[in-house]
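Quick one: this structure, given as structure tokens, is what I'll be asking you about.
Labels A, B, C and D are assigned to the chains in the order they are written; within every chain, residues are numbered from 1.
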Amino acid sequence: MSEILFLAAEAPQYKFGFVVDQPNAVSACLFYLCMGILVWVGVSRARAGLPLPEIKRIPGLEAFDEAVGRATEMGRPVHMTNYDEGIGYEDTFAYWSYMAYVAKLCAQYDTRLIVTDSSYLCNAVHQDIVRQAYLEAGRPDAFNPDDIRYISGTQFAWAMNINGIIAREKPAAQFLIGYFYAEALLIAEAGALIESIQVAATIATTQIPFFIATCDYVMIGEEMYAGAAWLSRDPIITGSVVSQDIFRIVIFVAVILGALLETFAPGHNFIKTFCNF
Amino acid sequence: MGWTRLEIWIAAFFTLAVYSYLIKENVLYRFAEHTFLALAIGRGLCLSVHLDIIPYYNTHIVEDGRWWFLLFLPLGALYYTRSFGGGKYGWLASYPICLSMGWGLGYTIARGARSTMVQLADTMGDLHVFDNLLFLLIWACVMMYFFLTVGKNSKTVGTCGKIGRYFMMIMFGAGFGNTIQGRISLFLGRLQFLLRDWIQPMIGH
Amino acid sequence: MREFLERFSEINPRIIYLVMACALIIPVLQPIGLPIVVDEETTKPVFDWIENSKPGEIVFFDVSYGGGSNAELSPQLEAWFYHCMQKGLKAVGVAQWETGAMIAGDLLKKVAAAAEADGYSAEYGVDWVFIGYKSMIWREMREDLWKTCGNTDFYGNNFEDLPLMQKVRQWTAETSKAFIIFEAGSPGVGTYLVNWADCDIYVGCVAVNVAGNQSILRSRQIKGLLAGLGGAAQYEKLLGRPGDATSLMDAQGLGHAVIIVLIVLGNISYILKKKNG
Amino acid sequence: MKREVPYILMLIMIVLRFAFEWIGPLDAWVLADGMKVRSLISWAMTWMGFGAFGLGIVNFTRVHYGNIRHRREHWMFSAYTIVLAWAYGIYGVIKGNNDPLFSTIFRVVSEPLDATMFSLLAFFIASAAYRAFRVKNLESTVMMVVAFLVMVANVPFGEMIWSSQSWLGGFSGIRTWILATPTAAVSRAISIGAFLGGVANTWRVVLGIERRHLAH
């Protein structure tokens, strides 16, 4: 295989005469293209207000209002963070939807919102999102840009500072949304120690168990995207969540058919052949 | 590695300063926290010069004579407009963002799905093997848990989704149980340092 | 007793920390020597790969971890690298993590010295080379390793002066059919799954990533897996050279025992309380 | 103009990269000096990234300067942080990352702090396990039982209780099976969901539907 790749100049052996000869090269690309069409259709329908399948309500969403409400009662701040954030990451886009919602709640209830960042580019966006929320609530002067903090991109320097902030500021509610690595438990347990209400949402499968152990509400995997669609009511996210779901069903059916073919007609499993092409 | 006593004492001080957090957040922890933060940021500055800019300046510009690479520097500097200038010129940063994102996305579209395709193909195993059958069933149940639009009112999908949730709990339990080993190892690493390098020479074994 | 158990569910976490610390410190001071069992599906294939390689074959390794995972992955690297030197393989190392390069840079020298003391050839530049972290574009390494790495290794030597590097201008399946990644997170094995799918990939990972890596082990995208400190201890056992990992497994045992006891007591307390209403 | 030009540039880059990755002859296109054309563009992007040099520390300084100016709680620490960060950074830039003092500070202060912070998890995981694993409902019970099995299998005394030579391969046999079958199946299903999210997001950006990252 790799020999062919390396000696490509001498002996070109391309699929269809021009596609690089690597496994899955064609199927992976078609997969992407199909999904692209679906997303486009889904989002344009959502924008035009055409009917789309309704998304199932995700348990845990009511916790946002509840947690911010409790923080207001106790007069303590709300803390929101995401470690692996970046401009253009899908988790970060979803995180922004949650942030807009939480910032709106905080602005309405006059509760302090602390946002901590690991990326300075995102920090600039977060400033805008929170400022906008305060503006919409009619109290732009209540917005404090110092509370939207850039910390550091270094994992444990970040975690250490966040743990310090949690212990000092004692937020009554914490929202841990996005992608996390090992620092997830550090932050969530620090929050549990000061008995704050915690809501977590992540697709990082390795960290979900720790969130389940320490947080009051956990949105698992794709529920994070669906939750973002629910809270923001944004046609863009809604449309794309619906198209994701349609594609999931296609995959679901295809894999089950493929497995049946593999069992009862091995050698004629065109689905598997396609996947590997 | 040749640590001096002073170095060991400093490292031990910072180690214990972090552990003091377990009792209560305190001034030692705060000191360690800010030291770590400052050093991480300062180091980032140094590494970007000495691991990125200087080596590539030598190979690309000096050796290969591709001086036009330098023209991309001001383009990257546009990132600064995002953080400065009161948001007035922030749109200029979309140039570097769009260029680098585009280059990354092209790669994702061409290659991103490959690993998933391998996994999908693997899921279609021969169902005569019991493990394969079980694997497929569990996979299907968990997939059904994530059906967000279709089958909201269907009992079958609901039940399968619920079963899928229990299987997820199996995974989370296994993940949790397996991780404990790793986390203890981390502490053991520090313990070895404290006991072997710091305390042992003090009591003279 | 009953009263103690009933109140146990509200125990202060600091007491848990104290008990845990004691349980881990004591066996480190006074090892017990509990038995170690080799896992046939994960550890054994990695050992067999090196064991069945011919002397002179080139193997790559990647050090993708930081100070935090040092305790778990360094014993793995140590055992594996010693094994390579023992079998006369030529090892070439890179690092995706800058801190990993620093750790491995010292460690490899130490292990090579130990291997030489045991009568195996482990000369730098001839038997092994450590390139270290170069903030390289990984994708480009396949074609031109030298240029991508700026022609210098971790210790500042020029590639021209290293006899082994003359054979390693590209990193393709021709140069080296198989390689191992010691990974603690991201970037890690993902870099290679896409670009080096034609090679045999082995992984040594921290315990937390084991569950995630099982999926790619099952689909044969990776061929073997060293799982955390336990994996290192098993490798040391196969190699017949007990090291740090073997001695620390006792503390592991006691630490786990404490957690198990805590869970059991917590549950008894919970049930008693529930009965009493 | 503010919107369209960057977007069109992005589309061009996407098409270019896609072509280079997907079309064989383009993938193999090499310049006279042996440099691949694709590599050339990659390097240009890397150079562009170098242009943002120092943005991290500058932003960091701004945040902590804010603390000092408003005399917020612990502002002294912010002052200390700024001074230390710049001193360490500039010293490193001048002397190089292999300078003995520079790397010693890293080895003696940063590295132990990093490892120690990480190792706090040994304690946190114990208290989290203690709190979470209760027989509250079927779900948490399932999670607890599995965690229990895996924990026992991971340590030597599991082997002493139920040997891997005996029926079902003992605890370690069960652990291996749990990890290889249910765990792998679940993680594959969840990761497909996450992957679909990624694909949808890619297209939102490519089709110009998603623009929040451009802050317009």
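The criterion applied here is as follows: contacts are C-beta pairs under 8 Å (C-beta built on N, C-alpha and C of every residue); 3 or more make two chains touch, one makes a residue touch a chain.
Treat the numbers as computed from the prediction; the structure is a model and nothing was measured.
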Result of counting contacting C-beta pairs for A-C and B-D, higher pair: B-D
Approximate Å spacing (C-alpha centroids) for the pair subunit B, subunit D: 2
Centroid distance [mean C-alpha coordinates] between subunit C and subunit A, Å: 30
Centroid distance [mean C-alpha coordinates] between subunit D and subunit C, Å: 18
Separation of mean Cα positions, subunit C and subunit B [Å, integer]: 17
Residues of subunit D touching at least two other chains: 21-22, 35, 42-43, 46, 55-56, 59-60, 74, 98, 106-107, 110, 112-115, 117-127, 129, 131, 133, 143-144, 148, 151, 154-155, 179-180, 183-184, 186-188, 190-193, 198-199, 202, 205-206, 213, 215
Numbers and ranges of subunit C residues touching at least 2 other chains: 13, 17, 24, 66, 68-71, 147, 197, 207-208, 210-212, 215, 218, 230, 252, 255-256, 259
Junction residues of subunit A - those touching two or more other chains: 22-23, 25, 29, 31-32, 87-88, 120, 123-124, 128, 152-153, 155-157, 160, 168, 182, 205-206, 209-210, 212-213, 220-222, 241, 244, 248, 251
Chain contact graph, described as a line, ring, star, complete graph or other shape: complete
Interfacial residue positions of subunit B with respect to subunit D in the complex: 1, 3, 7, 10-11, 14-15, 18-19, 21-22, 30-32, 34-53, 56, 60, 64, 66, 69-70, 72-80, 82-83, 87, 90-91, 93-113, 116, 119-120, 123, 131, 134-136, 138-139, 142-143, 146, 164-181, 183-184, 186-187, 189-190, 193
Residue numbers on subunit D that touch subunit A, as the complex places them: 21-25, 27-28, 30, 55-56, 59-60, 63, 66-67, 70, 72-74, 113-114, 117-118, 120-121, 124-125, 127-129, 131-133, 143, 186-187, 190-194, 196-207, 209-210, 212-213, 215
In the complex, subunit A residues that touch subunit B: 22-25, 27-29, 31-32, 53-56, 87-88, 120-121, 123-124, 128, 151-154, 156-157, 160-161, 163-164, 167-168, 205-206, 208-210, 212-213, 220-223, 226, 241-242, 244-246, 248-249, 251-252, 254-256, 258-263, 266, 269, 271-272, 275-276
Complex contacts: residues of subunit C adjacent to subunit D: 11, 13, 16-17, 20-21, 24, 34-37, 39, 41-42, 66-71, 99, 102, 137, 139-140, 143-144, 147, 156, 207, 210-212, 214-215, 217-218, 230, 249-250, 252-253, 255-260, 262-263, 266-267, 270-271
Residue ranges of subunit C touching subunit A (in the complex, touch as defined): 13, 66, 68, 170, 172-174, 185-186, 197-199, 208-209, 211-212
